[in-house]
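I'd like to ask some things about the structure below.
Order as written gives the chain letters A, B, C and D; numbering starts at 1 within each chain.
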Amino acid sequence: MMIYLLTMVLFGVGIYGVLRQRNLIKMILGIIIAEHAVLLFFILVGYRLNGRAPILSPDAPITNMVDPLPQALVLTAIVIGLGTTALLIALAMRLYGKYGTYDIAKIRELRG
Amino acid sequence: MSKERTPGMSVIVKTVTRLTAWLIMLYGINIVLHGHVSPGGGFAGGVIIALSFIHLILAYGKEMVLKKLSEGLVEVFESTGALVFLGIALLGTTAGFFFKNFLPAGEPFHLFSAGTIPLSYIAISLKVWAGLFAIFVALVLLRIDKEQG
Amino acid sequence: MNQSAFLIPWFVVVPLAAAFVNSLIGGRIRGLPALLACLTTFSLLGLSLVATQFVRINTTLVYHVGGWKPPIGIAMVLDGFTVFMLVTVNLVAFAIAVYATDYMERYTSKAMFYSLLLLMLSGMNGVIVAGDLFNLFVFLEIAAVASYALVAFGTERHELEAAFKYAVMGTVGSLFILLGIVFLYSVTSTLNMADMSLMLAGQRDHNLILMVSVLFLMGFGLKAALVPFHAWLPDAHPSAPAPISAMLSGVLIKTLGVYALCRIFYNVIGFTPMLSAILMFLGTLSMVVGVLLAMGQRDLKRLLAYSSISQVGYVFLGIGLGTPLGIVGGVFHLFNHSVSKSLLFLNSGAVEYATGTRDLKVLGGLREKMPITGATSFLASMSIAGIPPFGGFWSKLLIIIAAVQAGYLGYALWAVIVSVLTLALFVTVFKDVFLGEPQHVWQGVKEVPGRMQVSMIVLALLSMVSGLLLLPDVKEAFLRPATAIFLEGTHYAQVILGDI
Amino acid sequence: MVELYILLILMIIGSVVALEVKDLLSSVVALGAVGLGLCLTFLVLKAPDVAITQLVVEILSIIILIRATLKKGLPMVATGGWAFPSVIGVGFGVVLLLVAIQCFPDLPKFGEPMLRVSQHYLDQGLKQTGATNLVTSVILDFRAFDTLGEVTVLFAAALGVLAVVRTRGRKKLEQAGAIADE
């Protein structure tokens, strides 16, 4: 219960970063942090108290394993996040090339 | 800071890199091949292999690595990896279903077991390695000083 | 499992394979990428038309990927609404691929463009046939990532900026969706949508489900550009190359936003009166705000982008009503808007291609120089504005009648007002661009190349005759199965799992 | 479970530092600490596959981020004067927490997942797929289609990066009629 709340705090910090920061790199950092929180939450949901990693061993049968499904999905989500982050960084670097700054206040020319 | 200075970092770094880069790569391949019996797998292994190349780039400078491994070649690897994975999935349709694991499951805990899983992992690692390396090279080659216009 | 279900994976596999092959060898052979893209989209259109035959009798086809039965493995589902969306998406995609063969001559790296286009298409098809929540998320990300890159394809400064804004907001939306999926997984311990719907049966009024609804509303609302979350759209859609603008405005926001939202809310979480009220309110708000903001624009494509926000509002109003007539109207409007808004974006691309500008104050008198573009643009404008013989009129009429029947007179009134405003808007636009004295600057303007004309004519004919979809026979085959999915609601679960 | 709390609190502190410190390079390094904390947390939670992947992915993204921030004369990040976004940001966080407190009693208790579908993976995974690493059996057999999607996302991202870094997106216009009047 408490641990879930702390994860939500981490998510909130990340979203706060995206909304609050006026620097492109910091916005990307905010997204990465929020994503970390979601991934952590997913693993927490599948955790079993005193569980074992879901890898069988040749000698002894293991009964108390954690849920393997969230782990598989989180693996997928990590790689998706990496792809998105790389694209965001490439865009930010190109914008730096055009404007010479990462500061949003100096970049935003377009009207909302 | 003379012009004759070779690209990359100092001799110490280069020597250490020459020793470690291959170890890192071998470790990555090991992780890929044992993905179905131990933790790791195609993604982690692919990223580790990509990191070994990035390690070389960081130490030796981009020219030396790109001479051996051009960007076009990397793209070919990437597409091939993706196509092989899709091909494995499509071969499953011959056994009845898309993505059917059509090879026998084999003996557990052995390298050659679990049907198509190790093959898929090899294809994925090829794709992940090439994709990430392409991203890194693109971002390194990008001139990030202020452009004209 | 039904034998004809073996059709389903090809909707994803064909464009994926084409994209991979394209990036492998497309750069080396001149003309291959364009040909490959046209062939792929054409075969997909054929496949989706074949698929309409299977759902005629209200059957649902389920494909078990890997041969694992659904709660264990991933299911792909083909039902009425799926087929409807597949036809819409692949139709527009085919027209756009043909158009792009000429238009993209102005850009560099055509092979890359077509690869990204095909990846985006496979992402959308994957979202549409997904029967599994996480699978839906993954394919949504494919489409989204490809679209971020495509918006920045011109790599000018405003394009990069719009793409960055779009990518940041889109990624945050995806995070909300992922968080919602995690919550749903933790209470149901499954990811299959049908199974999840059954598991949620007893707990639809829990606080948690409310929170999940809000998360999904924010996430998919960001993708669909509902009004409080619309800030990225007026930048992103005009910045892309014209075929991509048409794709984004025509089908992407509807697939990733409207379709996914409807599928999850109607078939998984369950449709509640509160949700209906929220959807109708947000839809009407989008409708009004979109058209008002469109009024003041000088940039042709930006104006069209604002108008998209407004028209998606109609779709949400119709679907949010929840009555059979409203849903038919909403779904039908989705089709009409896809066709005519893509066409308008293609027209704006043609104008920009010929004149080099899209500033309404500068353009004028192009009708005689560009007869095809002018005529198709006229048809599309009339369809969007809701003039009687065109499809847009019938769908708006259905939505308004449904709103009156359900007793929401206020919403019906707003729909009428916005419709009138849209008419005024598009009449002005048409006059500014095509009518009036031809200025001497545009004396040398020539009509755009042939393939661009062909695809515009095809879409114009479609927008003209789409009213025929309401004829009883055609409706039974196409619109009725699509709307039946909404009405069966969470009964969806029994249909899917009954097939297993 | 104490180590979980400690790690999480460290991660929260790290992310606040990463977002608030004025030097970009420092904030990227702080993010690296957060990622490492996440990796350790995955290990504590018995998810070795995820931990390995998270570790290497974190290294890669930190390298790319450092590459983006290593520039001469990059100014310190300016803050302040942006009251409205701050209020929205903090307000969003507070609302999220309040809603979350209301919702979490509906979740299964921590450490006792329901394991409806997963029980099948645990029981039958080895027999049906032959992979002793059950996470692998899920990734590449039971849910292999997701993995195809994931590979495609990475493919799209790599293509997208290559598309975005082109210096010239458009060919030069040579047509006579194409007069941009600016």
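Note that in this section contacts are C-beta pairs under 8 Å (C-beta built on N, C-alpha and C of every residue); 3 or more make two chains touch, one makes a residue touch a chain.
Bear in mind the structure is a predicted one, so any value in this text is a computation, not a measurement.
*Asks:* Comparing centres built from CA atoms, which chain ends up most distant from chain B?
*Replies:* C
*Asks:* Looking only at C-beta pairs in contact, point me to the busier pair out of A-C and B-C.
*Replies:* A-C
*Asks:* When the centre of a chain is set as the mean of its C-alpha atoms, what distance in Å lies between chain C and chain D?
*Replies:* Centre separation, chain C to chain D: 28 Å.
*Asks:* With centres defined as the mean C-alpha position, give me the chain B-chain C separation in Å.
*Replies:* 36
*Asks:* Please report how many Å separate the Cα centroid of chain A from that of chain B, as a whole number.
*Replies:* Centres of chain A and chain B (C-alpha means) sit 23 Å apart.
*Asks:* Among the residues of chain B, which ones contact at least 2 other chains?
*Replies:* Touching at least two other chains: 38-39, 41, 43, 75, 78, 82, 86, 89, 98-99, 101, 108-109, 128, 132, 135, 138-139, 142, 144, 147.
*Asks:* Can you list the chain C residues in contact with two or more other chains?
*Replies:* 16, 20, 23, 65-66, 134, 138, 141, 145, 148-149, 152, 155, 160, 163, 186, 191
*Asks:* Would you mind listing the residues of chain A that make contact with two or more other chains?
*Replies:* 11, 15, 28, 45, 53, 55-56, 69, 73, 75-76, 78-80, 82-84, 86-87, 89-94, 96, 98-99, in rising order.
*Asks:* Could you list, by residue number, the parts of chain A that touch chain D in their complex?
*Replies:* 1-17, 19-23, 25-26, 28-30, 32-33, 36, 39-40, 43-49, 51-57, 65-69, 71-76, 78-87, 89-94, 96, 101-103, 105
*Asks:* Which part of chain C faces chain A closely enough to touch in the complex?
*Replies:* Listed in rising order, the residues of chain C that touch chain A are 134, 138, 141, 145, 148-149, 152, 155, 157-158, 160-165, 167-168, 171-172, 174-175, 178-179, 182, 185-186, 191, 231, 234-235.
*Asks:* Please output the residues of chain D touching chain C within their complex, sorted ascending.
*Replies:* Against chain C, chain D makes touches at 99-100, 102-108, 113-118, 120-121, 141-146, 148-150, 152-153, 155-157, 159-164, 166-171, 173, 176-181.
*Asks:* Which stretch or stretches of chain A touch chain C in the complex?
*Replies:* 11, 15, 18, 24, 27-28, 31, 34-35, 38, 41-42, 45, 69-70, 73, 76-77, 80, 83-84, 87-88, 91-92, 94-95, 98-99, 107-112
*Asks:* Name, in rising order, each residue of chain A that touches chain B in their complex.
*Replies:* Going by the criterion above, the answer is residues 53, 55-56, 58, 75, 78-79, 82, 86, 89-90, 93-94, 96-100.
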